[in-house]
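Scrolling down, you'll hit the structures one after another.
Each of the next two complexes has chain A plus one more chain, namely chain B in the first and chain C in the second.
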Partner chain A sequence: MTDASQTAAAPVPLSARLDRVGVVVALIAIVGMDWQPFATLKPNRLVSGQGLGLGSALPTFWAAIGIGILSLATILAVLRTGARLRLATGIVSLLMLALLIGLVPAHVVPPDNSFARVSPGAGFWLMALAFAVLTTDAIAKLKLGPLARLLLLAAAIAATALILGSGHWDGLSILKEYATNADKFWREGRQHILLAVASLAAAIVVGLPLGIACHRHATLRGVTLPVLNIIQTVPSMAMYGLMIVPLGLFAASFPIAAQLGIRGIGTAPALIALFLYSLLPVVANTVVGLAEVRRSVVEAAEGMGMTKHQRLMQVELPLALPVILTGIRIVLVQNIGLVTIAALIGGGGFGTFVFQGIGQAATDLVLLGAVPTIALAFTAAVLLDAVIELTERRRL
Partner chain B sequence: MSRLIGPAARLSALALLLALVLRPDWFEPILKPFTENNAPAIYTQSSLLSLTLAHLGLVAVASVIGTALALVMGVFVTRPMGAEFLPLSRSLVNIGQTFPPVAVLALAVPVVGFGLKPTLIALVLYGLLPIFENTITGLKEVPENVVEAARGMGLSPQQQLFRVELPLALPVILAGIRLSVVINMGTATIGSTVAAKGLGEVIIAGLLTSNTAFILQGGIIVALLAVLLYDALSILENRIAKRTGRLAEVAG
Partner chain C sequence: MIELDHVSRRFGEQLAVDDVSFAVERGTITVIVGTSGSGKSTTLRMINRLIEPTSGTITIDGKDTTAVSGEELRRGIGYVIQGNGLFPHWTVARNIATVPTLLGWDSAKIARRVDELLALFSMKPEDFREKFPHQLSGGEQQRVGVARALAAEPGLLLMDEPFGALDPIIRAKAQEDLLAVQRRLGITVVLVTHDMEEAIHLGDRIAVMDGGKLLQYAPPAEILAKPAPGFVAKLVDGADRPFRLLSLAPVSSIVEPGTAEGPPILETATLRDALSELLWHRRDALPVTAADGSTRGKISLSNLVAHAGGAA
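And now, the complex of A and B:
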């Protein structure tokens, strides 16, 4: 152990006292704080706006507090400090940013003006990025266990829900966009989740037995996996487009199918395309997971007098579970993203807002679709990663 | 997955692709039944060849930029100098890959406007993630004793990197590039929704005018192109893996 006084006395080079990740974080944060507008004020929804610095966007008192806390956080980020302190610094800074941005509309928009739109500016986003990176780095360095990560995720969701519920952000443009689309937002959200989860469920029902069969029969494996690989390679927009033709023909020749809602456009082609994309990760990971089960374990099960079926259900599948779950994680995250594009063929989901927003050049509408999609995908990834780690531990 | 498709299937796919792009009028009798109200069956607003070249050009430029950035970053975080960034890089790559490509594309529009620029940004940003991830994995997987042997032979750190580590990591890096190119093909197609020139234009024109013939035409060309590219890159990867496999035997 090095004596503390000794370390202090020795000339420590500056680079050893600075945290390199922290230096990058600080540079981004400083550019965001000093050179970029904190918020943008637009006279209405579509025209371009005027940037506001921290000083002019906020009441003096809050601007001072904000600059003080965020500067202190920047300094803490640069210095070599413990990961726990860095995590706390990152979280406090992000909460501070969330608080500050909500105060802007009331300060810069006169109460009787309902057309003006306030949105976070480049400065806000840069600082959010900087402190999100600081938080991520601290979490990575702490090597948090799955339960701790789930707890953090739950806390982040609770905090966001609390802020949204309190109405603190209601003056911001994305929430004004939400207010005009509230019913549709939840409808499309339900549709988005439904499409992603239903196609995953179908892929598990079909893919798991198919994977088991592929594990047992090399010939089947040699045909199935390349075909599924080719399907995965087809770009999603082309796939959705190609679904229109067979389903359209199907509906035209079987009127009963059309009555059931199976048509060239809409939910049915979206579901089928997503299902096809989902098959490869489920099947391939089932095959890999089963192949990784050690021969000796299978033989031991055989020796215990287990039937083929018992062996599969009680030994092989439980041991392959983490790998199979990894496939399911890939599918779920991938599907949540791909559903967005289903909006182009009338499949609904948050993509509806994204493409409508692109069409109208309305940034807020794009964000109303993109932000929840990203949040959903991120939540699904963190959740399933933790579950996978928990099943891996149980296996050991 | 050494051979995704057999040689015969590969050649016929290539022939079909070339015919669709160069001689679209040949397919008019097949596509005509998919149109309604006497709508045109063949997309003629821009030539399919120019759209295909624009599409491939976009993917190529984005993949080259993405690969260069990813390689430099991957090498940096696996050197002692950048080791502090390694845990962060891994987390950022994981988080970044949960972002849907279309969201990245849509978010780039307000920042840089419509057209080629947001598409290129989305392609580069999203495409570099798998390459970065695989560069880190590939370099970290090089056995410690091989690197030490190289050091013992008196190779400088730079020589170790270029003559030993990168060649051994190459198959894994190439797998990342292949994944990135496939993703970029798809994202470039969606790029047409923000007015980037490419094959997505044909599909979108079909969706907007309910012209199934256009959708089929665009969809089949994009799909064939993506599958053939994936296949070609897999072949390249296998050749190189075989060569480095031998190299690894010699080195180990």
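And now, the complex of A and C:
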């Protein structure tokens, strides 16, 4: 008892009362709030604009509320507080930012001016980053189960959809770009997902049997994995370029291929390149997953009288599944990013907006391509992580 | 009956099993004992053809094991390995049902059999059916492993170091369970171990192997009393050899007519127990009784000592 009371009486050092992640979050948030413009106002879509601080971008009332809440959140982030409170702080701050940025256009642009553009400034993005880190850190600290994480993801998607649907952000530049490109946006979105998922599906169809064969035959493994490794090191830009000539020749010599849409540029080379990149993670993880199945379990299956096929389907593959799914997660997230570059060879996808935007020096158009790509990759990662954890539960 | 006839197995240059022949009687426990690399596991695995012999033949009840496919053969033979090899992604019930499912039994029959086996190994079916292997203790996992091997009612059970991963107390319990189950079901067991103590305790006959060769194949008493010179002699040599020998025979085997003073000894007790009682109570002889309490005669220290030695 005396020991405990002495410990309690000792002064707690300052470092013990601060949260390490929180300090980083706070530093980023403070830089974003005090030194960087919250929003940018441009006379039209192409010229560079003028930065607006929180005070000048918003009506006084909202500016005061915003500064108050975000400052309080910053202080809460620094202090050692419970994970639930941190999660609530992060979510409230992100919602606050979403609300505030939507209020800017009406405040700074005269109603009759349709050329002026308002976009989120560096301050907004820094704060959004800071509080997103706070939120994800809190989620990690809460050690939520896979289903709870999926629920949070669904809630985040629903909240975003709700804000977009309400029209609260319609005054922002990126949504004005969307308004003029709405049809194309959904078409390229579909194409983006199609390219990422179709190349993944092809990689699974080819990679899984190849991985199983590599597991069984050391010689095949010794040849296959190094080759796939080399493919993986080819820069994506070069890979797309390399596809053009052989596929062009192929289409020229086989008219049927050309009729099917196989050409040097477009969807076909994009799919093939993505497929090639996807093979290594699928094959390698299949090999590793199968190799990790305990020897005694495989031997028991054999000793019970299972055939090779029964052993594979009933014992080896189910036990290797979490590792194989990890490979598939890597591929899907990687592909969603790589598809962006496929736009360069006419493959389509959100990359179309990115490269168009770069060509026109229209940052907002770049964002129209980049933001949904990041959101897609993030969603895929959270989704597959949850699935992997669910399959792992029954594994020793 | 299982007969191995001049069976050899070569791995590359190495002769893992070298011209081994022996026969296992139906309804008995045969223990193959040896150090690692002796060829004992290889010999066991050739019986269910997890490993094919390079030469020689193996017959079970007169039928050559190569007459059917390896899978079909193995479905008819129970198999238990060290560390149990339970399927971690399946429940206890699904694990036990492995072979019946492979054989295409209907689900009601399988469910009945699973409950029957769990009860046989004193595990409450309703408590254990839906558990996963990682939720069981080491001893429970071992029992489920044996239950799984017995699921399709095989006449033959092969066990490869089945108790190797268990701590001593659970191990002793598992050995008693095996003896009880074997007696009850009358199955034939071939068990591999590196532990001579275990071999003497469990085996009706012991096959000692070294360097791929079968050195001696005999009942435990003979192995202890008349070990083949060389490796086997060294293996059984030790201060407790007379006591091991005494532990193999029951009191009833040397009971003499007459009476004696002192606490009575059951005729089913081992000679080792009798020696212990005689020494503790400082007696030259003690009365022997049957389980119902009736007197059977006496056991004397001098007669007991005469049975504790090797060849004179």
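Quick note on the criterion: the second predicted complex is superposed on the first by the 385 of 396 C-alpha atoms of A that agree within 3 Å, B and C clash if a C-alpha of one lies under 4 Å from a C-alpha of the other, contacts with A are read in each partner's own complex, and residues count from 1 in each chain.
Here is the rule we use: a contact is a pair of C-beta atoms (placed from the backbone, for glycine too) under 8 Å apart; a residue touches a chain by one contact, two chains touch by 3 or more.
Note that the coordinates shown come from a computational prediction; the quantities given were computed from them, not determined experimentally.
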| item | value |
| --- | --- |
| Partners on chain A (chain B, chain C) - clash or fit | fit |
| Which of chain B and chain C A:319 touches, first, second, both or neither | second |
| Contacts of A:225 with chain B and chain C, given as first, second, both or neither | first |
| Which superposed partner A:93 touches (first chain B, second chain C, both, neither) | neither |
| Which superposed partner A:377 touches (first chain B, second chain C, both, neither) | first |
| First, second, both or neither for A:141, with chain B first and chain C second | first |
| Partner chain(s) touched by A:239 [first = chain B, second = chain C, both, neither] | first |
| Chain A as apex of chain B and chain C, Cα-centre angle in degrees (nearest 10) | 80 |
| Partner chain(s) touched by A:181 [first = chain B, second = chain C, both, neither] | neither |
| Chain B or chain C, by number of chain A residues touched | B |
| Closest approach of chain C to chain B (Cα atoms, Å) | 26 |
| Those residues of chain A which chain B touches in one complex and chain C touches in the other | none |
| Chain A contact footprint on chain B (complex, rising order) | 1, 3-5, 34, 82, 84-85, 87-88, 90-92, 94-95, 97-103, 106-107, 109-110, 114, 182, 185-186, 189-190, 193-194, 200, 203-204, 206-207, 212, 215-216, 218-220, 222-223, 226-227, 230 |
| List of chain C residues in touch with chain A within their complex | 48, 50, 70-76, 79, 81-89, 98-99, 102, 132-134, 148, 158 |
| In the complex, chain A residues that touch chain B | 19-21, 133, 136-137, 139-141, 225-226, 229-230, 233-239, 241-242, 244-245, 248, 264, 333, 336-338, 340-341, 344-345, 351, 354-355, 357-358, 361, 363, 366-367, 369-370, 373-374, 377-378, 380-381 |
| Chain C-facing residues of chain A, complex | 294, 296-297, 299-307, 310, 315, 318-319, 394-396 |
